[in-house]
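The letters A, B, C, D, E and F name the chains in turn, as written, and every chain counts its residues from 1.
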Amino acid sequence: MVPQNQIGKSAMMLALFGEGADQMALMKTLEDDGFSVTLGKIGTMESHKIVAAVETAAKKNGIISSELYREEHALYHATMEALLGVGRGVASFGTQLRTVGLRFAIVRGRPYSNPEEGEWLAVAFYGTIGAPVKGFEHEALGLGVNHI
Amino acid sequence: MVPQNQIGKSAMMLALFGEGADQMALMKTLEDDGFSVTLGKIGTMESHKIVAAVETAAKKNGIISSELYREEHALYHATMEALLGVGRGVASFGTQLRTVGLRFAIVRGRPYSNPEEGEWLAVAFYGTIGAPVKGFEHEALGLGVNHI
Amino acid sequence: MVPQNQIGKSAMMLALFGEGADQMALMKTLEDDGFSVTLGKIGTMESHKIVAAVETAAKKNGIISSELYREEHALYHATMEALLGVGRGVASFGTQLRTVGLRFAIVRGRPYSNPEEGEWLAVAFYGTIGAPVKGFEHEALGLGVNHI
Amino acid sequence: MVPQNQIGKSAMMLALFGEGADQMALMKTLEDDGFSVTLGKIGTMESHKIVAAVETAAKKNGIISSELYREEHALYHATMEALLGVGRGVASFGTQLRTVGLRFAIVRGRPYSNPEEGEWLAVAFYGTIGAPVKGFEHEALGLGVNHI
Amino acid sequence: MVPQNQIGKSAMMLALFGEGADQMALMKTLEDDGFSVTLGKIGTMESHKIVAAVETAAKKNGIISSELYREEHALYHATMEALLGVGRGVASFGTQLRTVGLRFAIVRGRPYSNPEEGEWLAVAFYGTIGAPVKGFEHEALGLGVNHI
Amino acid sequence: MVPQNQIGKSAMMLALFGEGADQMALMKTLEDDGFSVTLGKIGTMESHKIVAAVETAAKKNGIISSELYREEHALYHATMEALLGVGRGVASFGTQLRTVGLRFAIVRGRPYSNPEEGEWLAVAFYGTIGAPVKGFEHEALGLGVNHI
């Protein structure tokens, strides 16, 4: 069982693991514990495409409702906070001649033992950022956490 | 063996794991592969104390030389980039009435297969950020990577 | 009646009006429409005192619960967004030799016609920012809106 | 009569009111007191179009001279400061998958009782920011004040 | 004679030169051309002390009037812009465990050939930024230009 | 001879001088002292074109190796730091309706007397930033320094 208050750690682990047995085992544990989880990938120079990829994955997999702005708003701010980690203070890439290749994980559920703390959401990115030249890149990651 | 070009993932994993068997196993693997690793902890409202804690740990454990500004400079910028992930665009906490409790990991070594790419450094933080009230906090993390 | 989706406008108006008949009339309308409202003032060079003043006012007047981090988190981010308007991109003042004198208003309620959009919160500041010299100051303001 | 030193409050009120009797009354008061005022609207994902809309409105209505860079410079910085309030620290929107719909007001005149303090300028925005989906948006505003 | 529109270059050169014949010659040329110039120095970890040092030097040497907020406002924003160059996007130092040692130059005058463009102001800093350890530092500089 | 630890000053001087005898003399001195130097120019509204122009000049003139990411990484961060000085905290221009015309200088070598401090790199920009209207512009500059 995942300890409470660690949806951030869980989301970051899922993104770090990438496809494979570790990722599948952690996803199963999270789902058994009542968390919703989805995963995705995006490679781009344009940050708005990253935001769109996360939203599309979240809606298609029922992490957030397509009908409620409230939920989109919670996800949007968590995503922007995670992107600020990837860009280390800036959430734009191509305008600075950088390209990113990112895996992401979204986890939704109740991380606090007090049930009135309700649902929260974590968005984690892990991948590379670099020049638009193969191999000229280093790792980058970020996490955003928000109430929903 | 840790795949090459993943000192960032390794540092983040070490910080996420916290003390225990997983952390020790990963540290051993990294050291067997020729990487230097050190770990630490800091709880504070003042970001300069975080910078100082990371530098002190790095120097005491021989990750960087105390004699060379070049190495301090590489570590400083990696630390600041990691803090921008923790603060999601801002590297100050107490001035915004937030307190942080962070574990950190520093990994130094050769992540690229081309030996001429030389040594690089990763600094990762994982912990909580929140109001100065017990339990009023959520997770935060960050990673900085630099050549050294 | 205040049109829906305008808790931000309402909060800003309350802060702009200051004490007097206009402010009282708007507060009454908002409360008749089911919104919670509170007002306050703060003069300081330290931004963490502004955050604390808003939180204290919100808790003392029952705008948010003192028991729930979820509500403090919603208010905190709305406050920080509003402060970024006051500081025009920076939420610190004394470190830049500026002092602020601010009135603030907090409004909580249901701004969207769809009841499932739930409760939202607006924090508005209006006042002056300037040198620590009487009269050497100009106006500044900011608004933050968040789901709660 | 508008109290002195409140061109910021006046500009913000004009933008908040939108078309109607309140706006017209305040404009008349300001013009009677010797202030120049203009109003406009812009909906876009691109921040440079907002800057251009404000400049065009200001020049067409004689708020600033088209011939003097000095005046354009004063307006530009006031506009950028106001946009930092709208974007809460960032003056770009589409790159973050956000769209804005804004009303704006520009007020120019002498807000200080000392005549040597000369002319100042206020730019205020009020409107919505959100996802490119109808109704998925909340309010945002900002104010910039500069000497001219 | 200094070519027009180059008060920024002039201020930067004065700060780069430091005391000596080059600096004196350039000061004389600028004063002969009708510009006001002043110089200063500051070493600190606190950015508000830099702002204060620049203001004090400017007032004591008659570059700006102590009586007019308008002039203080112009100088303040030019100083903050120059500090953003020194801190490369951040205008705080000690909170990030950095100390600075800076020379500064302030130049006021008419850089444009059109007399209606009026007076402008340039603030330039040059020096070092680094760890609070002797010699662990590199160069930094910045320039701010504003109409006055 | 250029005093040690002043590659930043040297780069800034080269950019400020522009073409002519002063620039040629300083270049010669630097090259005699073992520094590599290159110069360039770029006018654009898009910051990624500035980054590309600097990289292209640096590679074509042998300041950095085209084969090593390590060197590109050092140059990239120095360039971004210098751009933050030009944009005073923001490294984007066209999105804010600004255009820049910049000269740049890159200097590589050993600025510290201790040979173990190794090679460092300085990137300096000097030019104008303004509205896309002839003459509606003021000076801007920036410097970035990094170990390589």
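Observations
Just so we're on the same page, contacts are C-beta pairs under 8 Å (C-beta built on N, C-alpha and C of every residue); 3 or more make two chains touch, one makes a residue touch a chain.
In this text, all values refer to a predicted model and were calculated from it rather than measured experimentally.
When the partners of chain A are compared with those of chain E, the chains appearing in both lists are B, C, D, F. The minimum number of touch steps separating chain B from chain E is 1. Averaging C-alpha coordinates per chain and comparing to chain A, the farthest chain turns out to be E. Bringing chain A onto chain C by least-squares fit of CA atoms involves turning it by 180°, to the nearest 5.
A count of C-beta contacts for the chain pairs B-C and A-B puts A-B on top.
Matching C-D against the pairs in A-C, B-E or A-B identifies A-B as its interface repeat (over half of contact pairs the same by residue number). Taking each chain's centre as the mean of its C-alpha atoms, chain D lies 30 Å from chain E. Averaged Cα coordinates give chain C a centre that lies 36 Å from the centre of chain E.
Chain geometry summary: the mean Cα position of chain B and that of chain D are 44 Å apart.
Listed for chain E are residues 69, 73, 89-92, 95, 112, 120, 135, 138, each touching two or more other chains. Interchain contacts give a graph that is no line, ring or star and is not complete, per the touch definition above.
Chain pairs that touch one another, listed by label: A-B, A-C, A-D, A-F, B-C, B-E, B-F, C-D, C-E, D-E, D-F, E-F. Listing the residues of chain C that touch chain E in their complex gives 90, 92, 94-97, 130-131, 133, 135-138.
Here chain E touches chain C in the complex through residues 46-48, 51-52, 55, 69, 72-73, 76, 80, 91-92, 95, going by the rule given at the top.
Across the complex, chain C meets chain A through its residues 67-70, 73-74, 77, 112, 114, 116-118, 120, 146-148.
Contact residues on chain D toward chain C in their complex (touch as defined above): 5-9, 12-13, 16, 81, 84-85, 88-90, 111-112, 120, 122, 126, 135, 138-145.
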